[in-house]
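Alright, structures below, take your time with them.
Same chain, two partners: chain A is paired with chain B first, then with chain C.
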Partner chain A sequence: MRLVPLAFSLIALLGAAMPLRAEWKALSADEDVAVAGKLMIATPKGGWNRSTAKPSARSERWTRDGLALNELTFFAGVAEGEALYFAPLMAKQDLPKFRAQMLPTEIVELFENSNRMILDSSVFAVSAVEPAKLGRFDGVRFSYTYAAQDEGLTRKGEGVAAIVDGKLYLVNFVAPAVHYFDRDISEIRQLVSSLKLRPPKPGAAK
Partner chain B sequence: MVRGYLVSALLAALVAAGPIHAQSPVVTEKSAVREGFVFPATGEVRVLLFRPDIKIGETTTAGLFQTQAEWHGAARSELVGALRAASERRGLKVSLHDEENAALTEHRALFRLVVSAAIRHKLFGRDPLPSKSGTFDWSLGSGVARIAPQADADYGLFLFSHDSFESAGRRAAQLVTALMGGANNGGAHFGYAALVDLGSGDILWLNVDLKASGDVRTPEGAASRIEQLLAGFPARAGQGQP
Partner chain C sequence: MRRLLASLALAAALCGSALCSSAQAAPQVAQILPSSAGYQPSDAVEKGLWLEMDEAERQIRASKFLIDDPELNAYVKSVLCRTVGQAKCGAARIYLIRTPQFNAAMAPNGMMLVWSGLLLRARNEAELATVLGHEFVHFEKQHSLQSFRDIKAKSDAMTWLSFVPGGLLAQIGLMGSVFRFNREMEKQADMAALDYLGSSGYDPMAASQIWEQLRGEMEAQAKANKAIAQAEEGNSFFASHPNTKDRMEYLRAAARRKAPSSDSGEEQYRKAIARWWPRLIDDQVKLNDFAATEYLLSGMARGNWTADLLYARAELYRARGKPEDIKAAERFYRQSVAADAQLGESWKGLGLILLRQGKAIEGRRMLRQYLAIAPEAGDSAMIGAMAKEPGK
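So, the complex of A and B:
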């Protein structure tokens, strides 16, 4: 006999009977859309939905089939001393904070350590850190995998980040390694490469 | 352990919160068919039955779920027999894939995520994705072909069944709760079944029953549960349900 926490399946099923605060809005295919406080302009293909629930004040989240199956998150204008995410309930420690002088590898560490805490997962491995463009700005691309507790499934993710005028811009895509990541990653790379960043002019109000 | 208590508390809160929001009878069973799908009008319908994914056990007084190996063995045997019989009654040519391999394990895990997404964003309509309006197009991907490449089948049938029976202590505690005016939630019995295209991995049909009945450890209960989970199973072209 063994004790089995059924958090995943039961909450997922019972949660279906509960109203949730987040609402979803459809995005039009091949049309420019202002993202994350209008600091980015993206041009998605069809089938994407944006959530009114945000992971932080400076971010926005999209999905096609459900967040557990594909999640595309945009962070824009994260300032010195700010975290990537809202602090999770009952967090034992503060989330790591962004610093404007971070090296590319430190940005990846910020993302990794933030997600380890958010996901409560120790099985989070970053690989393939390399130079990349976020829109027209120089940045860093990183790939990672992690296994969420109780799911029995590996997820793959890819992020591209850049610091512009001392603020962090980052786009992250994550999906199950089986089928969903490979299905969409080429499209995501295309979206990232054509992304337009609209950092506020120096001296402008936040 | 603390996590177990937290999960139990959260589940209790979810269940207790349900009636407050319910303005009409809560729908607990729903199915969906991929647009335009019917079985071919003629020829064999060859279906590979994957070994059912079964969770069965007892809810302790503290609200923890405790699996029972003996019950699992009985439920598995009865559900497989009932599933095979029900499939044959529907005119399907069935074979059982009873061997767990890496491809099946990873697709089972993906299947659970896909079903959770379909429940949340489509079937029960509480958190709808606008892009899914008027369509049911979730997929497991063409990797399903790796599960049983030699199988003589065009379709695969996944089935998940969960049964949590209350321990004697739990029943007593629930009785006290009910006498004090609280909700007596009883045991949890739910499941779902899905038909998958073994070539594309597309989910062709899905049925979810959040409030199933029947003791799956017995032949009668398992037969009843299988019929509940196969409700709305697709028809052949030009016919009613097979």
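So, the complex of A and C:
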């Protein structure tokens, strides 16, 4: 029976990487919300909640029905040499780093490769990559599908990203390919197109 | 003391069955191996184990990680069948799992798991046959059942199984630790697999060659990670296997005593995995494991860098993106398109790496080459915008 407590301590160890308990706060419908270090302003429709647990210091995560059903993540002001996510505790390799010189397709590669590592999944395929605006800035839109190991489910995702003053801004939506993605994607596109970026003025303290 | 009693009980239990006698004395009862048609589990322990494995197999069948390409599956099965013989290979149900690490395992109920990282690493059919044969011997000789009886005597392994955190692959990894074979079992599997290589006409030297390559890859990775001591522990397959150096030596010595064969099946192997190769190497490059991937690519090239290998190497360097990597990547992309001008992805990579260095005019021209070869590519809209001359 020696092995069972080991399994428990492993769970405890994994849990230590996250805050003890993520809290959710409901967001008011149709009101401006400052997001991810106040570098973005979003105006959600009803039903969205934001988590106190963040994927990284420069991001935040929203959901409507729970992360398993819809997940909206905002990254704002990711700087040269930073990763998109906090490093997973058990990871053998470092996560790829953002470079200010990255081209639009390379931002998509950064996103894909980071997620493959976080999810420990090679079942991840980017389908379409096209020019798009994030706020008033030129950027890239990409769509993809993936599967995580512990669920027999395909998820669909769509992200829009831009580099502004050498910093990365990215909004990403993920939901199960069955029903949930299609149900919400037009609302998400609307939210993203009305998003305002508030990059700090060049020279200002970060 | 409890441990000793348990071992004694285990010894008694094993000697009560055909297993105890199988190694030395002639068996008293006719021994039916699990590789024979219609084999059924014999007692409660074995039945319980099969039940668990059948459940795991159901999950794997539904998994999104399963590579269900019938052609590739048929090919891997045909290699197993040539290796262990048509009469026996029917006992194995092979599942190809899309995951870039090296691993293979066979459960006592006949489920054989082959990770796509093995298909990437094997350089010819004989190397693949080595690993498939090795796992098949564990199955045939009921090594996992013996290990399981051992574990069962010490703890409730089923309770342990149900407490595993993590996903499918972690659970497969755990199979490796539940079925932790001892050194004798591993050596037995190695030597019997070598016999299979001999009887099926494959080059017997392949057996030591694949382990040599894997050993090198792990050393390269460990050196880069400054964790040499963990080189073997880091891989669930190797955690339970004999020291790779010893194994290479005894396999090489034994292979020299076999009839030599030059049939490594390299050509047909390349052909069989060609459609999958770009995805397999892409999965590996995206692990962000520079040192191991660089070693792996060099081992595949063995001095002969094909357009595909040069492309993969260029992608690896571009992904790491240090200033000196950018230069190296440009060189590899150029060599790649020189070797095969139809490799669209290499034109794209070359265009991107030139743009990164501010060589905009040439870079855009290279991106247009890519679009001419792959006009329907998923990223054609974005690349098209990047390839456009300013002001047009």
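Descriptive notes on the structure:
Everything that follows uses one rule, which is that the second predicted complex is superposed on the first by the 186 of 206 C-alpha atoms of A that agree within 3 Å, B and C clash if a C-alpha of one lies under 4 Å from a C-alpha of the other, contacts with A are read in each partner's own complex, and residues count from 1 in each chain.
Keep this in mind: contacts are C-beta pairs under 8 Å (C-beta built on N, C-alpha and C of every residue); 3 or more make two chains touch, one makes a residue touch a chain.
Since this is a predicted model, take the numbers as computed values, not measurements.
By the document's definition of touching, neither partner reaches A:Q190: not chain B, not chain C. Contacts of A:L95 after superposition: chain C is touched, whereas chain B is not reached. In the superposition on chain A, contact of A:E109 is made with chain C only, not with chain B.
Using the contact criterion defined above for the overlaid structures, shared-chain residue A:R64 touches chain B, although it does not reach chain C. After overlaying the two complexes on the shared chain, residue contacts for A:P131 are found with chain C alone; chain B is out of touch. Of the two partner chains, both chain B and chain C are touched by A:L153.
The contact surfaces that chain B and chain C form on chain A in the two complexes overlap at residues 1-4, 7-8, 10-11, 14, 152-154.
By the touch criterion given at the top, residues 59, 62-65, 98-100, 116, 155-156, 159-160, 163-170, 225, 234, 283, 286-289, 319, 321, 352, 355-356, 378-379, 381-383, 385-386 of chain C touch chain A in their complex.
Within the complex formed with chain A, the residues of chain B that make contact are 3-4, 7, 10-11, 14-15, 17-18, 21, 26, 28, 55, 57, 64-69, 105-110, 112-114, 116-121, 123-124, 126-132, 138-143, 162, 188, 190, 201, 208, 210.
Those residues of chain A lying in contact with chain C across their complex are 1-4, 7-8, 10-11, 14, 92-96, 99, 101, 103-106, 108-109, 112-113, 116-117, 120-123, 126-131, 140, 147-150, 152-154.
Interface residues of chain A, counted against chain B in their complex, comprise 1-20, 22, 24-26, 46-49, 63-66, 68-69, 151-154, 176, 178-180, 183.
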